[in-house]
């Protein structure tokens, strides 16, 4: 039972140190140290990330400050040096030259959200709330990493049977904003199976398990900038080029993009700001946008049309413009055969020594719908394209509040059966 | 006094036969016959109009129907043959080889307006209401032409002193929509003075006279067409390209054009229509627009920006577009020296034999503001550019209702002093 | 085989006399005469229509002209008198006091569309093209009525077995624009089964049959009018209240209504017109709109939000407004049990004496999707609400061109097997 | 000449300590101390300001921090105690019970602008640049206050003739954003003359003087807030109420407000921001706006219409809204009689002992245009309404850069002749 307790400790330690996408320096170092302690050989940061494929990087200065903070909080300089300016981690269990039977994706980043401060919030009450003001693990990624560490612990436990094929743990930065998966695509090359697990989504009660999630929405995240010319709004308005007129025209035009006859589409301008003082024609404007589609085709079409809208709106008002794609993920579906195998493993999982740590067969479903986006789909598609099987699972958990809420928290008791199930899957595929 | 009565008869006969811009066939023939009867040699239609400079022509079929109607109402075929497919008239009084002392512009066209039908409306009561349903001389152009004919009658009357220089009567088609003046610009070449008179505008009481009107708004009239693609709005909206989205975006963008720091600007989308059936993505849209400015520079800038707005709105929604300029006139001001001379002539005008037919000096002003547009400015600018003097006068008249109203009517008693004043001006300039 | 030929003659005669929704006077009379000739007792017009539930009536004058035309084309005055000012027809076969086993809905109206004039268009080539310029049976309703007449002919044929329960033929006006069904809802009261058949939709080849169509889109059709105040656009734009600004704001706001998380939504502004002359602030504007949703809840929500958008846009620009609902239909689905029975009847249909007139079992499907709207759903829902079963079927047919195209035409050979199948269904349900 | 040097020292000390509107604590204390040293009895802050008439107060915390900073920079606590939480100052010269011959308005606040850092910028080079990052006297108010102090110094100088009537120095907070004048309106009650002087505006060269400025634009400054409801943009967009849709609709509607037929109008949305994260329907939006008009009537009409636009745009998208007026000033014109007197005083000003300190008569003009806004007009109108005379003057100065630019600086040599002229005016009016 020792491992079951460790998993919770790991999760809580990670919860204390939330880091935003592309700044998971402390997190990477922490995971690396645990894995190294188990005898694995993690590769980190620049050793595993394709720098050209990173999307949605933080503004200058954020990364440097995160590195400083990580060192101040105990990150060993040797790990930071190996990482370079990049986060993320890959570690393999099993013989180095054996086939790659399974890749498990664990996402690492936290949200730019102030964690609830009330004593009713368990992380506060039990002393593992975020130490980083304005950052919070409110999407369960701390739990996902704890699952990965727990699996590694079981696979490398003294006396555990050696694996005949390889199992890879892939700790991915910057899932929020679907920015990170593309930079790790090389690490699913040759994989026969790929699995990602999300706690609590689409399975809101402890004991639930959904092994084959589909209906992911493809998505593109993009920033838009309009540049005009300032002028005195009273004396010479005609000398200005009003960037906010362009942004307002574009915003209405984006929302007015046609609905699609053969599928779901989405558009959101989640943030808009522009101009400076009240009496000056605003010279610049910024919009943070996203499109979605039930297929990648629909999403791509939305993005293409969005570009037309923005270019046209800029032309209407004499503005320069740019559109930067800062994140994206395709649609995807779990392979039914793999989902069935995953469900079977869960059903066949025996109770642990205390009589728990397993799933009631009636609570296991093979099929579920996401209805949102996760860049695990980038990796799922890559594995499927090379003939492998991919799946995405929901590990049910009682929740204190919904994902992305300040008082989000999940029932840690679900971690132990989750880890045991993952070990069984590894034994089945790589044993 | 015989001429004073004739003038009213002419005005009423013209009022009975209103014709829209570029279709003044009956009108041209009527004026030509009167002038020919006085011994003048009017040139008509294609003999005097530059076809390439005509703007805002009617849609196909309108002109042919107007020609038929004119013949049916008594237009002599010989005049129609001379006109060709074009209206308008120029006639000179005075020696053919003498300098061109003065050009008087009289506009000819009526409005697409249903005349009031009530007996309280004098043209109804006295039997000279419009015979043409949906057309009406509600802007006084019938009166302007009567002034021109009356002046010709006085200048050519038996016993009248011969002119030493030439006076030209220029009867211009299509003033409404400022579409006609540019096609007659050749006929002010060499003119030393140019005058246009408007009844009732800016001088709403009989007896008023304003001899130097300024503050004309420059204007451009243009039609916009958007072309997209139809699609079933329920089954495949994404296959459409919605022309009405483009038109709506453009309309708001046009009205949002910046105000000008150094002058007045105007924009109007007076008419918009597009689409066909309720359940089909609309494939086409049409807008009738105008810009104005207190200077030609401001107006030109508005038109230039309007083009950007329309091109951008089309691009936003994947549409083709075109913009056709169908009318236009520059800003202009009357020359003070000429306005002063015109006022002096009015003040010096003696009473006629009946003791009337003249102006009270206190009712004469040298300066006034238009605040609207008239393409007489095109001709004023041309004369001023060659060193001549130009003026625009308001001949005050009691009105039954405002210009462009169905029950517009003016006090015909103002025509006789107006004609006498014009004769005096001719004697002064060309005598 | 005589009936098979008659069916085609009926269809062609109806095709020659297309009439728009609520003006099917000639059509109602023609159908009534045929049914009366078969011994049935059709009730027509005001005898069967709830006047308060009619939606989307034509503008004044259209109905009167249609009545005149119908008389001129041979409609017996007695039928017109019985109809009153309303079209539509109900006729029952079987014992008057027996249960109502089945209602078959046949829609009657044509489209405001100019029929193709080329000789390649069979109705032209074979002499049954529309006699009514600008109107055309381009949606197959002529065929639907021929099916109903053919069914009546078989049920009432000499020697045919008498029905033990009632079968009702319901000829409905104004299906286009989903305007008519609500006015006939009383005639499905007590019905155990309800069936509507559409030719060619969703089953584009002759020989196909889909017996249980679902996925109808709920829809609302509505007209919007904005009223402002005219003003001279140059002299006093601030005195105007610009109805086109309101319409443009509303149009963009309508298209920007949020997409729905749990279903399909649609919005279309298919027609917009407003204003009069170029230089006048436009005082009125009209928009023809529709919403749709995969459920009635989604559609109702869209309509409710549309009302907010329109009221807000009017308030922005100081306008008065009104919104008139002129058509509507709910979502619906066919009952699987009835669809299965309908498919079985088709599969069991034996060849006729010539060895044809039946369906290949492999071409019969029990399930299909509409993806559009038909107000048959109003009647389906009413029957289902009272415990009856309802279905909507596609009768496949080779098409010369798609529905609502000028050169739409369908393979008349599908009518005979369709009628035979319907008779078998009646024998099964009411025999 | 000692005073001439002191004036420059005062100006530079004030330049070092720029404070934003309603936070001029250090400034008020500095001015108060100088005036007290001259023997005057300044009243400060809450002693002179009507708290209910203050507009556009800073956000909470700003004021408290400014008070702390002022104390840290040497403000005597006794002055701060007298001020309370409010800035501003009034001081009278002359017999306490004598008529109030003249009020001179000096504005006190600086701009939220980072001052230029280059050595080419004289305040940097000569060591009197702003000590407050992000704040800068870039509109010359430091000079205006130096003029007021210099005038007080001359009037109270040893040996100076006593005044027979009162002259009042009114140091006004928060002129930027036209937020402060209304709160000091009580202090012009009974005044026979009112004067405000602006350095450099409309008179860009040292030596120029314009004594009667007119053509102020009336203006209203207002903040708009829209409140909607957040929702997940992918999963449930229909549950959101999108505040940015409301803001975009409002922005376009505001710019589309009609131009005015009889005057200049302006509208600006200078700042817009709303929403938070890319994938969330934005729940709030903020806009900083202003209207202007060449008359208060036009401006009031613009503000009234703006309110309609905002209310309508909110209703379109289901939002709550509020509009807060945070500043405002009417149109106004200088009284010609007073402007003539002011010009005469300047022309009659003899050279000082060094032969300078006066104006060349040819550089003095009685009339000029503002073309922008200043809330001195609130006080001008109040004085004019009670039968007094008001004027606004431009004191010309060579400028390093335009007003509101980071490298704005003016030729301090203009202060001495300015002060001497003001003294002469006081002697004329109150001597």
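Note that the chains take the letters A, B, C and D in the order they are written out, and that residue 1 is the start of every chain.
In the analysis below, a contact is a pair of C-beta atoms (placed from the backbone, for glycine too) under 8 Å apart; a residue touches a chain by one contact, two chains touch by 3 or more.
Not measured: the values here are computed from a predicted model.
Chains making contact with chain A as well as with chain D: B, C. Relative to chain C, the most remote chain by averaged C-alpha coordinates is D.
Taking B-C and A-C together, the chain pair joined by more C-beta contacts is B-C. Between the Cα centres of chain A and chain B there is a gap of 70 Å.
If you average the Cα atoms of chain A and of chain C, the two centres end up 50 Å apart.
Multi-chain contact residues, meaning those touching two or more other chains, occur in chain D at positions 232, 235, 237, 242, 245, 249, 252-253, 255-256, 259, 261, 266, 281, 371. Within the complex formed with chain B, the residues of chain C that make contact are 112, 177, 217, 219, 221, 232-235, 237, 242, 244-245, 247-249, 251-252, 255, 266, 268-282, 285, 288-290, 292, 371-373. Chain contact summary for the complex, chain A toward chain C: residues 252-253, 255-256, 259, 261, 264-267, 371. Taken together, the chain D residues at the contact with chain C in this complex read 232, 235-240, 242, 245, 249-250, 252-253, 256, 258-262, 281, 301, 305, 308-309, 311-318.
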